[in-house]
Amino acid sequence: MSAPRTADLGFARLDLDREARTGTPEVIFAAGKTADQTVACLAALLEGSPTPFAWASRVDGATAAAIRERWPDAVVDEEAGCAFVGAVPDPVGEVLVLTAGTSDGPVAAEVAATLRACGVGCRRVDDVGVAGIHRVLAVAPDLGAADAVVVVAGMDGALPSVVAGLTDRLVVAVPTSVGYGAAFEGLAALLTMLTACAPGVLVVNIDNGFGAGVAAARIARSAQR
Amino acid sequence: MSAPRTADLGFARLDLDREARTGTPEVIFAAGKTADQTVACLAALLEGSPTPFAWASRVDGATAAAIRERWPDAVVDEEAGCAFVGAVPDPVGEVLVLTAGTSDGPVAAEVAATLRACGVGCRRVDDVGVAGIHRVLAVAPDLGAADAVVVVAGMDGALPSVVAGLTDRLVVAVPTSVGYGAAFEGLAALLTMLTACAPGVLVVNIDNGFGAGVAAARIARSAQR
Amino acid sequence: MSAPRTADLGFARLDLDREARTGTPEVIFAAGKTADQTVACLAALLEGSPTPFAWASRVDGATAAAIRERWPDAVVDEEAGCAFVGAVPDPVGEVLVLTAGTSDGPVAAEVAATLRACGVGCRRVDDVGVAGIHRVLAVAPDLGAADAVVVVAGMDGALPSVVAGLTDRLVVAVPTSVGYGAAFEGLAALLTMLTACAPGVLVVNIDNGFGAGVAAARIARSAQR
Amino acid sequence: MSAPRTADLGFARLDLDREARTGTPEVIFAAGKTADQTVACLAALLEGSPTPFAWASRVDGATAAAIRERWPDAVVDEEAGCAFVGAVPDPVGEVLVLTAGTSDGPVAAEVAATLRACGVGCRRVDDVGVAGIHRVLAVAPDLGAADAVVVVAGMDGALPSVVAGLTDRLVVAVPTSVGYGAAFEGLAALLTMLTACAPGVLVVNIDNGFGAGVAAARIARSAQR
Amino acid sequence: MSAPRTADLGFARLDLDREARTGTPEVIFAAGKTADQTVACLAALLEGSPTPFAWASRVDGATAAAIRERWPDAVVDEEAGCAFVGAVPDPVGEVLVLTAGTSDGPVAAEVAATLRACGVGCRRVDDVGVAGIHRVLAVAPDLGAADAVVVVAGMDGALPSVVAGLTDRLVVAVPTSVGYGAAFEGLAALLTMLTACAPGVLVVNIDNGFGAGVAAARIARSAQR
Amino acid sequence: MSAPRTADLGFARLDLDREARTGTPEVIFAAGKTADQTVACLAALLEGSPTPFAWASRVDGATAAAIRERWPDAVVDEEAGCAFVGAVPDPVGEVLVLTAGTSDGPVAAEVAATLRACGVGCRRVDDVGVAGIHRVLAVAPDLGAADAVVVVAGMDGALPSVVAGLTDRLVVAVPTSVGYGAAFEGLAALLTMLTACAPGVLVVNIDNGFGAGVAAARIARSAQR
Amino acid sequence: MSAPRTADLGFARLDLDREARTGTPEVIFAAGKTADQTVACLAALLEGSPTPFAWASRVDGATAAAIRERWPDAVVDEEAGCAFVGAVPDPVGEVLVLTAGTSDGPVAAEVAATLRACGVGCRRVDDVGVAGIHRVLAVAPDLGAADAVVVVAGMDGALPSVVAGLTDRLVVAVPTSVGYGAAFEGLAALLTMLTACAPGVLVVNIDNGFGAGVAAARIARSAQR
Amino acid sequence: MSAPRTADLGFARLDLDREARTGTPEVIFAAGKTADQTVACLAALLEGSPTPFAWASRVDGATAAAIRERWPDAVVDEEAGCAFVGAVPDPVGEVLVLTAGTSDGPVAAEVAATLRACGVGCRRVDDVGVAGIHRVLAVAPDLGAADAVVVVAGMDGALPSVVAGLTDRLVVAVPTSVGYGAAFEGLAALLTMLTACAPGVLVVNIDNGFGAGVAAARIARSAQR
């Protein structure tokens, strides 16, 4: 393995060849960084990457402002907490993103933003939880048209079990921290999804829209090859 | 409150007026008792109760044999691990008992045995988990005919959420210890049911078919009054 | 199953036939929604539902203000965090709501508000925890007059075990997050209630006054049929 | 502090002055030891202690046989799993030991055996759980006659909360591993007791009859001084 | 049992005979109450109790101010978060209160305030954790002069194990939420104390200085009888 | 949705159209069934399915013997605990299965058996854990040749994080219950994989080789379309 | 053991001979103390210690200001939250400190500050997590030059397993609370490190840079003796 | 990094250069392997390693017999569950191994066996738990003579906190699964050790005598260089 190129900023060591190696562009996870650190990382990526594009997730208001100040034409997706700098890639394929309830929206938005950054198309249908099973059945005909299905659900996290029984597509399940009490910040939904009685369900961390998006993008790109 | 009559066996203090007070006959929970203790408790109940009937749950083979030796016409339900001595009450009303999978059978059997002991009718439909949602939809038309619905499910425990969205009957949810790994001996199903996205779901302890049966019997008797 | 009518607001998919199907009017859970979203949902429900009534739970100050601005004669129950728009249904039957301590009040208020929205009567007695068992015994004579009993308790959560041994009514137990340390945000009370030594206890999620109210309403309606 | 005398057996370092220092005779906890090790420890204690008495807890059948072989007049309490060698001290004072259910018996027996070894009197009343609250009220008049009250309970562990509200005596609460599912091997009862809504409740480890007995003995001896 | 007298404030049901029955004056736990509710409770207790004294714990700044406004000569212990109204009882006996570290101070202060309200004397020695074992040994000679010892410790919670091996007095162990990471808000200290290798240790809830104080007061009063 | 065909055996309700609907043949999960029940299910599947093939997982010795008695040419994979009856489908594509240690072998075998039943090719490389990172680097060149990579690991579960950083293929991570102490029956590995610092990792339940196999098969089939 | 000298401030009991006894200077843990208490402790240490140096950890802005006001030439390390008063000891030896990601920086800074206070040299390399394994391999040649290696990692905590397989130096692993969801405030990383598949890894509490620094300093001093 | 030499047995991939790279000889962890697999691994190590020595841990009776059959002069340490084949290295330096109680013996034996395999001297003192603190003080003078101290303790796990306050040597703490109830299979001791109030304590997995031995050996070798 020849060593990948790295941009060493002292506090961070950016992986300039990640996209070449893993098919997914490096992302700047802004949650543990100052606004200045995030801007510096984006700048280094833009300069060093083979593609004129960089992006950051978990961006708060202050960081979004700093990004816009540096790159006035940056695009900030406020629901998703993501910022895009440079040329967003053209989308190929399509991933279907479902949410169980309205409160799961921000996580679904992060999935969608990640797909966008990875150059994969996305269709989103919200609030189709199993308490009104007819809402799930209504989307059943669309499942087969997608390259993969991402299901975002908090509380009981039951939606992926139902969806996976209706399709031959891979279901990427994202538990969310929506709920209270015995939802235990998403633990209930996480355990539900891990023990889903239907096979074909794969799980990411609680609220991890980014991880689900990257995974779905890999599947979609693989199917489009 | 005048003090209820009690049969004091030293190691146990039997509540002879429980049925009069709570509508449910006292049960002998055999799991923590020797075969001799269980037999002695049943004998004391038969002698002291106003009705010529007594029963025990969580009965193993040795205890079942001891009961049969003492009362040759005792009825032992082996799937449920329950034994009935004396005249089983005639059933009124009907409770619908659903299981998500075949392995949930023994717990559903305990629900059914408890309903029998409480004098309430029972209809049972097995293996209608949400991975094949058409199986759930197939029982939907029957929900309204029941006084209450008991749903028994392990693994992801998702079935009660779906059922409760299809009916105006109360759903008594029983998580089971069926599953492995992140099912954590029924914890996953328990949390799922407690956080069910559909209202109208009430939950009992893991594998507690007895508790679900008593509760459903109370609802059925209330509806039949 | 003919597909229920749905009001699709994009971010939400409202179930206009929920009351017809489940006997309980759809509620807007405001906790994960903006004030505007909650108002839009209430408006859509009012317009699309067969009954001229809609309500929301987990309403904070800002959302309550927005509701009042849109519907000046809306009724806001501040202790419960609930808002009612339109004609509250007339109550039938009666549910007895008990709290173990003063701090359990807001959850009991949510139970009462839910019963109100469901058109069921409610009587509430506060601060009858088991540390002063005479307080529990004092309400014992009233238990038989109720269609169901809801018991709200935090800390040790011991009250439902005692109450269920005194009555033939179903006891709906609501653990609350009242307490500190080993109360673990309501987990201690939840486990106590799930393992109650008296049968006839059914449990809902921590602080879930709404769920307890819906369940008690179903029982009361069933008993009144 | 002058160093206490120690009997060094290599695998164990026995504290010969423990009784002088702490008022409680050293016990041999047999659970992690071979039968030979337990016998050797008892012999060393008998030889080195100021009093002609030694005892062991958590004794299984093989170890009990080995003890009886070495000391034919040893007393073995099989329910408690304890063995006494030499002159059991005369009892002073009285501790009241209550159990919630029949299955809690072995732990209560360990409490009683420990009190016996510590030279404190014991009265035991079994199966007075809160599901039949009249059974608790029946023992209320006896509480004031005891130097301390030990309450042994599994499942919901609710009994100490009720007892402590009825007396000015200290209540030593012992959670047991009796129960299943959400009882989590005694965790539910432990949390209940730690969060008891009545003050005056102190808690020991799950199934720790020995610890409860030593504590109650200290209180009784203190009250008798 | 003749029913104890109760002051019914609607939101609270005060136990006016608690001191007569349990030897400990009723306390107003202010944490879940408004300042007005706490003042109303104190007033009702003062009026209805046989002794001219009332007190409240977990009092914040606003509530303390409200108490002082109503009773200008009320005494507020700010470290403990407790307020005393009326005549504090004269102390009898003495309880020794030890802390492992400086940060455990507020919990120890609540122990001391409770002892004061219960009319029991208190001596407090701070910061004697086991990391400097000589500090523990330095207090060893004082242990025998106390009626009981309360040990307050966070982090590893190891101090009670050492103290209980040095004395024949009962050790009341109070785990605190001091620490971070794997201290898990006091859980580590709680488990340590429950599994203490020395007998004679009894445990209360995390940060429960009140419960430890009441228990120690009962022991001291018992020893002074 | 036209209702799928079902074989109703009373204790089980087999989904005869699962393969048509989800691309994966129905499996008989033998763990909760008797040998007779498993055989009956396999027979019903063989009779009712469009393809002359059926299989079962979690098969123990007794069940394997019963299968062989009924179908003498059945193939039993003992390491995997799986049995195949009828014509195993021809494999397309290839999934690479890696294990971290020798003890992870049986779970990897279940992955391989599932791929076989789904008609997908499999290459397996064992014992390439990160403690000898050169072993991981040695397989790096092979990653790109696979349609998907399944990584099976217990203990620290660190292997998927490293592998996902080396490839653009999706990594399906299977935590195993290998390990002791703080491995907590696979919980440590599960959490590690859910929080993997490299994206592109999707997780199944602990020891769920079946689920990983089905998911990998869906990806491989999608890539081969 | 002659009793160590102690500075008794009432709220604290400072160990003036700790450095002589344990080789590590006493530290003032400021998190549970007021600014005044921290300053008083530092002053007492400076006065009573054999060396003209004192320091505090977990210092917030207010406490840092109070320290600077009292000792204008105090050095405050803001990233680490540490303050040094007096003459920092000259460093001997060298410890290599690695972080998995940028967000782990503050904990690594606490390690470095502790090493500084203990008089041990430190080299720090940031952001070498296993998702880009080439970054780990790049530091491999430097491992043998260090007296010990401290590895600071949140999320999956996988870095120590890889590093320990590359060196014969002891690896001190520090889990951090970096991450979300199933990272459970550092629990995931903690379990990963405890179950590391490579031996030679020792673990400290979550975010405990101080403890890791002291341990590494002891190893370095031992190696330099 | 030139790739280390590997012995590929199919089911295992042995690291022949581990000792050269990490200073510790490769061990065969027998717990997850058949007797034949363990023997084959030992044979391959003996053949491929630069030193004529190999060993295995977690060896049960059957595996020990198989080893003895192949290598009649193999040494089996039954208390430790370890087997040594070939020339055990001569010991350098000395590690002091302490146990809190007799039941911790087997884990201490694994520590000692690992030190032996690593060529480091060992002195072991058993049963010096903190309940008799004089036993700890009695070993205090020996601490300074050791290169490192390993402390093995179950139940409350308090011993390392005390020992680390008495010495400048590194303390390697090994929690054991000794205890019951709230000891939670070693979790209580693990948390105690992680939150030890004295610095200089590093922790390994529950019952991981092997890991503690390797770490202590690294420290001892480093100190002896």
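First chain written, first letter: the chains are A, B, C, D, E, F, G and H, and each begins at residue 1.
What we mean here is this: contacts are C-beta pairs under 8 Å (C-beta built on N, C-alpha and C of every residue); 3 or more make two chains touch, one makes a residue touch a chain.
Chains and their UniProt names: A, B, C, D, E, F, G, H = Nickel pincer cofactor biosynthesis protein LarB.
The structure displayed is predicted, hence computed values, not measured ones.
*Asks:* Just to be sure I understand: going only through chains that touch, what's the smallest number of steps from subunit D to subunit G?
*Replies:* Graph distance in the chain contact network comes out at 2.
*Asks:* In terms of touching chains, how many steps apart are subunit D and subunit H, taking the shortest path?
*Replies:* 1
*Asks:* Give me the chains shared as neighbours by subunit F and subunit G.
*Replies:* Of all the chains present, those in contact with both subunit F and subunit G are A, H.
*Asks:* Using residue numbers, check each pair in B-F, F-G or E-H against D-H and return the one sharing over half of the contact pairs.
*Replies:* B-F
*Asks:* Could you tell me which chain lies farthest from subunit B when each chain's centre is the average position of its Cα atoms?
*Replies:* G
*Asks:* Among the chains, which one keeps its Cα centre farthest from the Cα centre of subunit A?
*Replies:* D
*Asks:* Taking the mean of the CA coordinates per chain, how far is subunit E from subunit G in Å?
*Replies:* Measuring from centre to centre gives 36 Å for this pair.
*Asks:* Please tell me the distance, in whole Å, between the geometric centres of subunit B and subunit E computed from their C-alpha atoms.
*Replies:* About 44 Å, centre to centre.
*Asks:* Taking each chain's centre as the mean of its CA atoms, how far is subunit D from subunit F in angstrom?
*Replies:* Taking the mean C-alpha position of each chain, the two centres sit 51 Å apart.
*Asks:* Two or more other chains in contact with one residue: find those residues in subunit F.
*Replies:* Where subunit F meets two or more other chains at a single residue, that happens at 1, 101, 131-132, 137, 164-166, 181-183, 190, 194-195, 198, 205-206.
*Asks:* Touching pairs of chains, all of them, please.
*Replies:* Pairwise, the chains that meet the contact rule are A-B, A-C, A-F, A-G, B-C, B-D, B-F, C-D, C-E, D-E, D-H, E-G, E-H, F-G, F-H, G-H.
*Asks:* Quick check: in the complex, which residue numbers of subunit A touch subunit F?
*Replies:* 1, 21-24, 27, 137, 140, 147, 164-170, 172, 190, 194-195, 198-206, 210-211, 214-215, 218-219, 221-223, 225
*Asks:* Flag every residue of subunit E that touches subunit G in the complex, lowest number first.
*Replies:* Contacts found on subunit E: 101-103, 105, 126-128, 131-132, 134-135, 137-138, 178, 180-183.
*Asks:* In their shared complex, at which residues does subunit G touch subunit F?
*Replies:* 100-101, 129-133, 136-137, 155-158, 161-162, 164-166, 179, 181-184, 187-198
*Asks:* Touching residues of subunit E toward subunit C in the complex: what are they?
*Replies:* 1, 3-4, 6, 10-13, 15, 18, 31-33, 37, 175, 177, 185-186, 190, 205-208
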